[in-house]
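Below, subunit A partners subunit B and then partners subunit C, in two separate complexes.
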Partner chain A sequence: MDQLLQHLLNGLLLGSTYSLLGIGLTLVFGLMNVVNFAHGEFYTLGAYGAFAALVAASLNFFLAIPVAILAGALIGAACERLLLRPLRAASIDTTMLVMIGLWITLQNAELLAWGGVAKSVPTPFPTEPVAWGPVSVSRLRIFVFVMSALLILGAHLVLTRTRLGRAMRATFQDRETAALMGVSIERIHTVTFALGAGLAAAAGALLGPVFLLYPSMGDLAAQKAFCVVILGGLGNFVGAAVGGLLLGIAEELGAGYVSSGYRDAVGFVIIVLMLLVRPSGLFARAERVG
Partner chain B sequence: MRRAAIGLGVVVVMLLGAFAPAAWTQGDPIKIGVIQPLSGPVAASGNYVRMGAEIGRDWVNARGGVLGRQVQLLIEDNKSDPKEAATAAEKLIVRDKVPVIVGAWGSSMTLAAMPKLEEYGVPMIVETSSAATITKRGNPWIFRISPPSEMEAVGLEKYMKDLGIKQADFLAVNTDWGRGAASAFGDLLKRSGASVGAVEFMDQAATDMNAQITKVKAGGADTLFLTTSVEQITLVLKQAQEQRLSRKIITTGGSSSPSQLIKQAGPAAEGTMHILFFLPWFPEAMPDGKLAKAFVDEWAKRGHPFEGLTEGFRGHDGVITAVEGLKVAGKPDPKAVRDALWSVSVMGVNGPIKFEKDGPAGKESGQSKPSIFIVQIKDGKIALPAFAVKK
Partner chain C sequence: MRARAATAVLLVVAASAPLWVWNPYHLHTLIMAGIFAVLALSLNLLLGYTGQLSLGHAAFFGIGAYASALLSVKLEWSPWLGMLAAVVLPGLAGWGIGRLALKLRGAYFVLLTISFAGVVSLVSVNWMDLTNGPLGIPGVPALAVALPGLPELSFRGKGAFYYLVLAAVIAAYVLCRRLVASRVGRALVALRENEALAESVGIDGTHYLVLAAMLSAMMAGAAGGLYAHYTRFVSPEVFLFTYTVTMVIMVVAGGKGTLAGPVLGAVLFTVLPEALRALASWQWQMLLYGVLLIAALFFMPRGIVPALAARFPRAPVSS
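On to the complex of A and B.
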């Protein structure tokens, strides 16, 4: 019983980070129809951004995180302007290839800039864990969990409750009509991509201190993000948030009670099963048209 | 357009010039291939081995090289990936025509490169890999200077009473190395009358090991054997602390870089024990104290991080073994070097290197018998455990 409680807690904490990784990816796909293979690199950028702000610019830990998110969003915006804007009329396959190119380029740039040796980010949290009876968890992970939940909620509110969110949804439903209504569609494209990249950078800045920083850290993150997005339904925001939690808990229980060696297989087995039963994702209402 | 093309041409020529080897002695330099994980999840270790290999090369060259020629290292990145290791071996052999290779850090990477060695007939000095299968497969082009896990387990055997292990769990990376170590140390426990508890594995790139730790914690063992790279050891120690796991922790494989653990895992590393093959904190305790001290000093002079030394010496020892093979062979020919390696006897930072036959008769691989040590992290410093001092 104690073991199960700890597994569920671990799964919840892990799942919340998967959700945060997934929403940025699903947002860019759902709204822009761009499969962002470079998503994991924005995660890496966020992590190294926080490290640079902390160590090189000796900023406060809590200040370093927004700085890193902003840096990720700005670089995301630049990538959109330079790479995606000229390809607005191109097919999804073309942009996919460009994003794969961006992924490889960014990863190698990070390797060049930081070297291959892992770095750890110092945090102001005491190492002593918080314990409730048989279960325990580090303070840093609680902080990450709360921040993830706030970011997911914040992104959801921006999308559904603000003028900007409405303009974003309108642009991607019908470009021409949105433009006629006075929406600056070019700017909306840039802002949307920057938001997706910023969310990935936020995940990196928050998780960097929990784990370690190395240039290929984004590969695992991107792999999980894609799992979450497929699980929740491509482009489905709520689906990604819930899918992340499900994946985290499933992996944790799979590793705890089935086999730790096949931990990553658990997630993929669930995805294959789900694609067989509900091919458009857990939370899909109707097939997206157009 | 034309001007741009000419400009590009000039740049390419200049780059080629920059990479052209500088030959001081007569003739072209002799090339030695090095395959290491310079990027990917275990990049730290691979880069340290590269730094050590460069020291070995520079020392050999300062003494006049080998066979009257300078030594040049061709260093390939296997990206911590077995497929890339095989590609790197093929490139070094076919394109660069190296007579001998040093590599490829991880057991899975070495195993993936091995068929290429046999196919083209080029010897490889294995500097780090611990999986038993490497020398048991009947590949006569393999010469290993690192200890297989079984040898490490034997090295630990004399301390078994002092360690007082009754039951131990295993947490190992899910590769040939990790699986091999879990079975070798499991055998040691059974031999010494202790029992094996949970045997858990983790993916090489995994960062969250909480599930495995929770499972281990639920059992009743007193010791945890941990086999993986320093990056993952750091994460496991931190996560074990978060879950208040109280176990004696012993890492195997010699790639734990305890000084890096002190820096990155802090108090979570306190009390942990580490099997190592080099003691840079106490160089005078090494078989050749003077050489060990010189290596530590040179490493510091180059500004390399101290914590890389426990990995870096492997590069040095690998390169000097390859050079000695070339010297005995008398010519940079792969087959001659292979035959010569059997009679090589050279002093490395770890200790004397000399190959004995291992594996199926007629197709034996070479296996040296390295020195094995154990250290403990005490009060944020490296110490010899009390029982290791008295022996």
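On to the complex of A and C.
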């Protein structure tokens, strides 16, 4: 029983970062109709960005994370300007292939820049865990969970409560009308992609210190993000948030009770089950983002 | 007439290659180009003719390689029976994945194939009893033909194996060509171009797409079987995502939806990296692959072969 509680708690903590990853991906898909295969690379950029800010620029840990998120969002904005804007009229398949090209390019650029040896990010948190009754958890993980929750809430508020969020939703519902209402369409596309990339970078900057950094770390992250998006329904914000938590818990239970070697196969099982049973996602009724 | 003459010249050049390619390493590169040509043709069947992108082709390739290697090493089956399994098992996997994801298509199919490849790779590493884990399976027997009354013909040597691969490429090419010209091929193209219209004239979309996925997986599996009996060693490396990426670039740069494109792409992208090896390390080459893929989509979105066909209107291209 205690063990089960521990697994559930670990799953919840891990799942919060999966939610963050999934939301970034689902936003870009739902709003821009772009399958962002480079999503995992923004995760990697976030992690290495935090590492660079901490170690190379010797910034404070709590300052390094926002710097990394900002860097991820800026690089995302640049990629959107350079690669997606000229292809606005192209089919979803073309943009998908371009994103695959971006994925390979970024990953190998990271490999060349940082080398293949795994790196670890030093944190200011003491390593001994906090015990709550039968369960215990590291302080770093609690910090990661709180930050993820705040970022998810923030993104949700931006989408639903601000002028920018309304302009975003309007643009992707009806470009022409939104443009007539004075929305700068091109800017909205760039901001949306930057938001998605920034959320992925945030997940990377937060999870980087928990695990190790290596150039292909984004592949696994992207795999989780895609699973979360299918679980929640393509383009569904709340679905992705809940889906991330579910995936985290399912993985912890799978690793704890079935086999730790197959931890990363849990996502595949979930995708297969979803395609069999509920292909439009767990929350099919709430179709729209925001 | 010109098309026929060009085909004949190409065939003569290809068939005589072991006579003038005296460096065994260069011959090895050509054999790998042939194996990749079969893979690119198989991926093209999906990406080019149905518009569905599979990012799990390394999985079909790897399942084929493992199936043939395991059956001929552990159960000591004839390698030819192993090759048969290398076609059938990936075909079943392709069918299953097609059935699951091709009703929804698009992103769902891509995501299911990519995560399927991830899982198969995990199994190959973790199921030690079956696959020997990361150590792989050494000692895969070479293919050989023993006709009664004749000395045994072994495909152990590179020269002999080259002809086997060449035959496989020609078979895959002819198969794709006949398929594309058949009812099935017309149905696939109709579905790609306008699904609603195609279904309105009675084409069952999902049925044909599943069929295409299965055939494509079978071809990729055959390439995997050939690879296993050529290198005589199989390890989880066959599932590397790099292989899938290479196939995608071969098809997109060569010209998706053409028959010559994937073959040209396969030859180009196997020979060029070898030629450039001295100039650029492997990481730089992969970086270049990514840039090339993007550049191809921007500047030559239909690929090399259609671009050439537009410039030389009578060049032998079937699109």
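The criterion applied here is as follows: the second predicted complex is superposed on the first by the 284 of 290 C-alpha atoms of A that agree within 3 Å, B and C clash if a C-alpha of one lies under 4 Å from a C-alpha of the other, contacts with A are read in each partner's own complex, and residues count from 1 in each chain.
Keep in mind that, in the parts below, a residue touches a chain if its C-beta (ideal position, glycine included) is under 8 Å from a C-beta of that chain, and two chains touch if they have at least 3 such contacts.
Just so we're clear, the structure is a prediction, and the values are computed from it rather than from any experiment.
Superposition of the two complexes onto subunit A shows a clash between subunit B and subunit C.
Of the two partner chains placed around the shared chain by superposition, subunit C is the only one that A:P86 touches, whereas subunit B remains out of contact.
By the touch criterion defined above, A:G261 lies against subunit B and subunit C together after alignment on the C-alpha atoms of chain A. Of the two partner chains placed around the shared chain by superposition, subunit B is the only one that A:L14 touches, whereas subunit C remains out of contact.
Contacts of A:E186 after superposition: neither subunit B nor subunit C is touched. Applying the stated contact rule after C-alpha superposition, one finds that A:L102 touches subunit C and leaves subunit B untouched. In the overlay built on the shared chain, the residue A:A131 is in contact with subunit B alone; subunit C does not reach it. Taking the listed stretches 109-117, 307-315 or 325-333 of subunit B in turn, the superposition on chain A shows a clash with subunit C for 109-117 alone.
Across the two superposed structures, the residue set of subunit A contacted by subunit B and also by subunit C is 111, 219, 261, 264. Within the complex, the subunit C residues that touch subunit A are 51, 53, 55, 100-101, 103-104, 106-108, 110-112, 114-116, 118-119, 122-123, 125-126, 241, 245, 248, 252, 283-284, 286-287, 289-294, 297-298, 301.
Of all residues in subunit A, those touching subunit C in their complex are 29, 35, 83, 86-87, 90, 92-94, 96-98, 100-109, 111-112, 219, 223, 226-227, 230, 234, 259, 261-262, 264-265, 267-268, 271-272, 275-276, 279. Chain contact summary for the complex, subunit A toward subunit B: residues 2-3, 6-7, 10-11, 13-14, 111, 115-118, 120, 127, 129, 131, 136-138, 141, 211-212, 214-217, 219-220, 251-256, 260-261, 263-264.
Listing the residues of subunit B that touch subunit A in their complex gives 38-41, 43-44, 46-47, 174, 200-203, 205-208, 210-212, 214-215, 217-218, 230-231, 234-235, 238, 241-244, 263-264, 266-268, 305.
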